[in-house]
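Next up: the structures, one after another.
Both of the next two complexes hold subunit A, though its partner changes from subunit B to subunit C.
Coming up: the complex of A and B.
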């Protein structure tokens, strides 16, 4: 038996918003693979919950007419990975979602929960940030769109207002068309583990595949929230596809990362890993984009 | 004193429609054991890490210890008890675990059986590496996994053969 004070169930977005207004003290539970563990550990014991799990309208991946990819916030990691839209346009997101936990966790954990919990190690968060994803929030006044980088306010803090729930994660066509990417999760085990660090890179190459037109890189566990390292990106813009560019990119990344020591790994170890992650992810992203190395 | 909160739910359990009133704080694992006596559903870690409580919900694997019982409303839930046929014969995957000595203490076995059953139902052929990945949410502290993979592979090959597909 979980130590829950009261559960307010919502069966639609409208009902969820109404519950949010009526029960401002209640926590939102979507799949529960964080919340229920927190309750069991005692950290969240005795809480009130607003359950979104039965809101099926928030499940699924679709492609809007303008090419925007819309991922309903309750879509499970496994459904993200299996989605033909994800596989065709942003397969690196499906690959990142497939690194979470194990099969059972990937069926219950949601992309909305993975971003709303504001956790730096979340496997999908760094890739979503590398794609400049947009967070869609719905409240009493209607919808609000927030760029994912602004959505993260601090460790475990995200920009969700008192009457809102997150209803979708959007990826615009200009963020993914022509881009190829790669996500690397560094962890002690290949399943049922949380990333010591993770890195997601995507690149767009010139027509002759010899020059980097655009590059985006985002780390998990390089700071309190998922972190874009702009110094790395600036070191890659317009540069030839070469080993020197990869090295400059990694050096740029190391200027910006700021990991801490935790029981999982020391700061020094994470920095060591993060330099290498930048190299490997950029190299693999370039290879996937069909890059021709100088 | 907190007022207790119950919810009436109706769902399919091992092929039969059932209805019950459930305390909203209860996990699916607790409800299946307490209300329906389905003790194949093992409570190991109770935080969704060990896989001993794995059941199928609408055909997919879930850790029933971190799934609220109220969420089962309207769903199709299956446990190891549901694999036994009407004459009481155990399923091919269960027999394969016996044949391959894939059981030692047995605590993790029902969870592994359900994860394996989900794979067998896809009708796909998995390599041993793919089987390891698909079973990575289930922990066994006795066997070292080798015989478990053997058992799943054996049952998979038998089903593929029965379906006229080439075994691995």
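Coming up: the complex of A and C.
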């Protein structure tokens, strides 16, 4: 039995916003794979909930006319992975979503929940940030678009206003066209785990496939929120596809990461892994882009 | 013959369709629930618990604290009772403890109508403590001046110390030319992590007898412990054991049955359920004893032993439970696995302010094999010897006799198992191929032997009882005190019974539930004992029943009994193999005979006074990704000599399960205590890294079937042995792959990072950022990876 004081079931975005205004103390629940754990542990016992689960309009992946990929916030990880749009344009996001927990969690957990709970280890968050995704929030005043890097305010803190819910995650065509990516989830076991560190890299190569025109890298668990390491990206811009570039990229990444020691892993260990992940992810992203190595 | 065939489990259909009944399925729907309040300090005394607010919460029935329980310490270990007070288990805990001895100790209970009310009440309790200093390390705890954990009973923290002396170690090490190889070997605290957490419910009838239905491996022992804990006559307690979702030794202990039995008496006999959470399973049940061992071997250059010494410290945690038996069993393997003329061993079991060590699959031997077989690999590495040849030459030889257990090694089990394992995993070719590797990803292959024995005689009593009741159709109910805990004993017992009497497997209905009111005594599932021990009483009882059947057959057929036999449920005249009547016809005519009506049944107890070695080997092949600090098992084979296989498919499954647990022990699992508070940090299945199916290689299994001469069915231990040798085999494979000998489990990425850093086999990323100093770069240049 779960100790829930009241649950408000919203059937539309408008109703959810109305509930947000009427019940400011209530938490938002969609799949429940985080909230229910908090209730069971007693931390959220006796809470009020606003459930978005019945709002089907927030489910599904589509392509807008301008080429923007629109992922409804209630889309489950499994649906993200299986989406033909995702597979065609940002396959790496589907691969990242497929690394979450196990099949049951991937069927219930949502991409909106994964970003809104504001944790650094979220498997989809680093890839979304590496693609400069945009978070769509809907409130009483209408829609508001926030770049994902600005959406994360701090550990477990995101930029959702009191009357808002997250309604979609958007990826603009200029962010994904011509890019190929790779996500590496580094964890203590092959499934049912939270990343010790994750790394998502995507690249756009020159026409002759010998030069890196653009590279983006984002880590999970390298800081309190998913972290873009710009020094690595700068080290790769315009550089030839070569082992030296890969090394420079990894060295750049390590200038920017700031992991901490906890009982789960030491800072030194995370640095070892993060340097190696930069190498492997960039190498694989280049290979997927058909890069020709010097 | 039904023995030796891979029959489907007799419980297969009920289990896969969800019809099999477990404790929670049997609990009355109106039962109250209970929740335990656990201490938030590692050591100290409860001064006061304020229950006023909790008692007012809607749905709360009663709040009971450590100040309410009987002042009666009791033992919990699932050992058969010993009538000699000198051999009885240590009674050092109460139902709830005012003197708290670990972070999480049980200090109060809420009984409520539902879990929401109970949890709210638990959160509303406030506790005032007097905190004492605590100690988490057994070696520190053994020292003088360590905080006394059981000052009421003893003036130090050493629960027990035992030693063994063979020859003269001190003299032997003076032999000129000896090479000394020594090392420390550490194994962690791990937990059984069975699927079904411990659960029990209790009710009292007529204000008198208390029934406890429990997820336990040992119903008859739990009855005795429950009665002792409450100061009741033993017959006042009735324990019912339905199907259980695994135990692996954790449920070879009285866990919460005594508390639950007491709780029902506090609410007028109303049923009370105590359903343990996963977090409590990790912290408040039992764990495998962490051990710290130091081994010294004095070697002659020809690779023979001159003298050997073992010292081991076993981490008991807060309460005695199985106590020193575990370390003692592990220590006992040392002089036997590699016999040597001059041996000194010492083992200390030491209380610490941590979760309690109890029985866990292997009972000290997985720890001992990691110590022993890692050390053997260190010897062969130091002396540049072949690891397989060394083991063939120095391990226990055929004909070895142990005067204490009277065990004898009748066959050349180790060499036969090695031969099969080497062939099955293509060891020789791979070992040669993996020599002299460079590069970031390397492979290795390594072996480890294991020593095991079956059951507990002569340390404890070994006894088992069986009852067979024949139905009018010639089928029987088979009832024993030995428990099905998922390992498949109901199926192999049915096979044994069918063969003994001459029935078909489908004629044997196993009464799977143990109910101490009706089930004859059996000690239960532990020590890999049930197939061996149960076999004696099943054979004896089956023969008694068969004799009775043949006596009636003589009356009904007029043929002499010694000319008759029972084959596949039919009475057969042996002289011409003529079928005379079915056992069903005989049973019907016998029961309904107007003159001599008899209900055909038999019951007997067999006290077993023998024991049997059960040996084998693991070979593991690993791939180590050095920069990512990951070791992955590519292939692993276990080969066992466990005697004749009663049900080969079940035996193979048993080995798979054991290898899987060992994979966790070797590479993944460790229960971590916060050094600042003693709190267990990873008391859940997310942070406690039990490997998933995705982390398993195909597990290869083979057997050498040397029939055990002391067993009526030629069988011996297989329950625990599969989990004893994989961890050191994996460790030895990583040693071949990387040249790094790692002596602390688990070999997870954190450990590999630490050890690879110490060994200098990779450039650390810190050095990538700031160029290495000239002094260090010389070291680094020896390494060819990560370029």
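Heads up, the rule we're going with is that the second predicted complex is superposed on the first by the 294 of 294 C-alpha atoms of A that agree within 3 Å, B and C clash if a C-alpha of one lies under 4 Å from a C-alpha of the other, contacts with A are read in each partner's own complex, and residues count from 1 in each chain.
Keep this in mind: a residue touches a chain if its C-beta (ideal position, glycine included) is under 8 Å from a C-beta of that chain, and two chains touch if they have at least 3 such contacts.
Computed from a predicted model, the values in this text were never measured in an experiment.
Asks: Between subunit B (first) and subunit C (second), which, if any, makes contact with A:62: first, second, both or neither?
Replies: A:62 sits against neither subunit B nor subunit C.
Asks: So, A:3: does it touch subunit B (first), subunit C (second), both, or neither?
Replies: After superposing on A, A:3 lies in contact with both subunit B and subunit C.
Asks: Which partner does A:269 contact after superposing on A: first (subunit B), second (subunit C), both, neither?
Replies: In the superposition, A:269 touches subunit C alone.
Asks: Report for A:191: first if it touches subunit B alone, second if subunit C alone, otherwise both or neither.
Replies: Once the two structures are laid over each other on A, A:191 reaches both partners.
Asks: Does subunit B (first) or subunit C (second) touch A:206, or do both, or does neither?
Replies: In the superposition, A:206 contacts neither subunit B nor subunit C.
Asks: Kindly classify A:250 by the partners it touches after superposition: subunit B alone (first), subunit C alone (second), both, or neither?
Replies: A:250 sits against subunit C, while subunit B stays out of touch.
Asks: After lining up the shared chain so the two structures overlap, which partner does A:258 touch, if you call subunit B first and subunit C second: first, second, both or neither?
Replies: neither
Asks: Touch test for A:287: subunit B only (first), subunit C only (second), both, or neither?
Replies: Touch status of A:287: no partner.
Asks: Give me the intersection of subunit A's contacts with subunit B and its contacts with subunit C, in residue numbers.
Replies: Common interface on subunit A, subunit B vs subunit C: 1-3, 102, 190-192.
Asks: Hey, which residues of subunit B end up touching subunit A in the complex?
Replies: 2, 5, 7, 23-27, 30, 46-49, 51, 54, 57, 60-63, 66-68, 70-71, 73, 115, 133-139
Asks: What does subunit C use to touch subunit A in their complex?
Replies: 114-116, 119-120, 123, 627-629, 668, 672, 674, 681, 685-687, 689-695, 748-750, 753-754, 757, 762, 764-766, 768-769
Asks: For the complex, which residues does subunit A have touching subunit C?
Replies: Residue positions touching the partner: 1-3, 42, 45-46, 102, 186, 188-194, 196, 247, 250-251, 254-255, 263-266, 268-269, 271-276.
Asks: In the complex of these two chains, what residues of subunit A are touching subunit B?
Replies: 1-7, 9, 32-33, 36-37, 40-41, 51, 53-54, 78, 101-105, 107-108, 190-192
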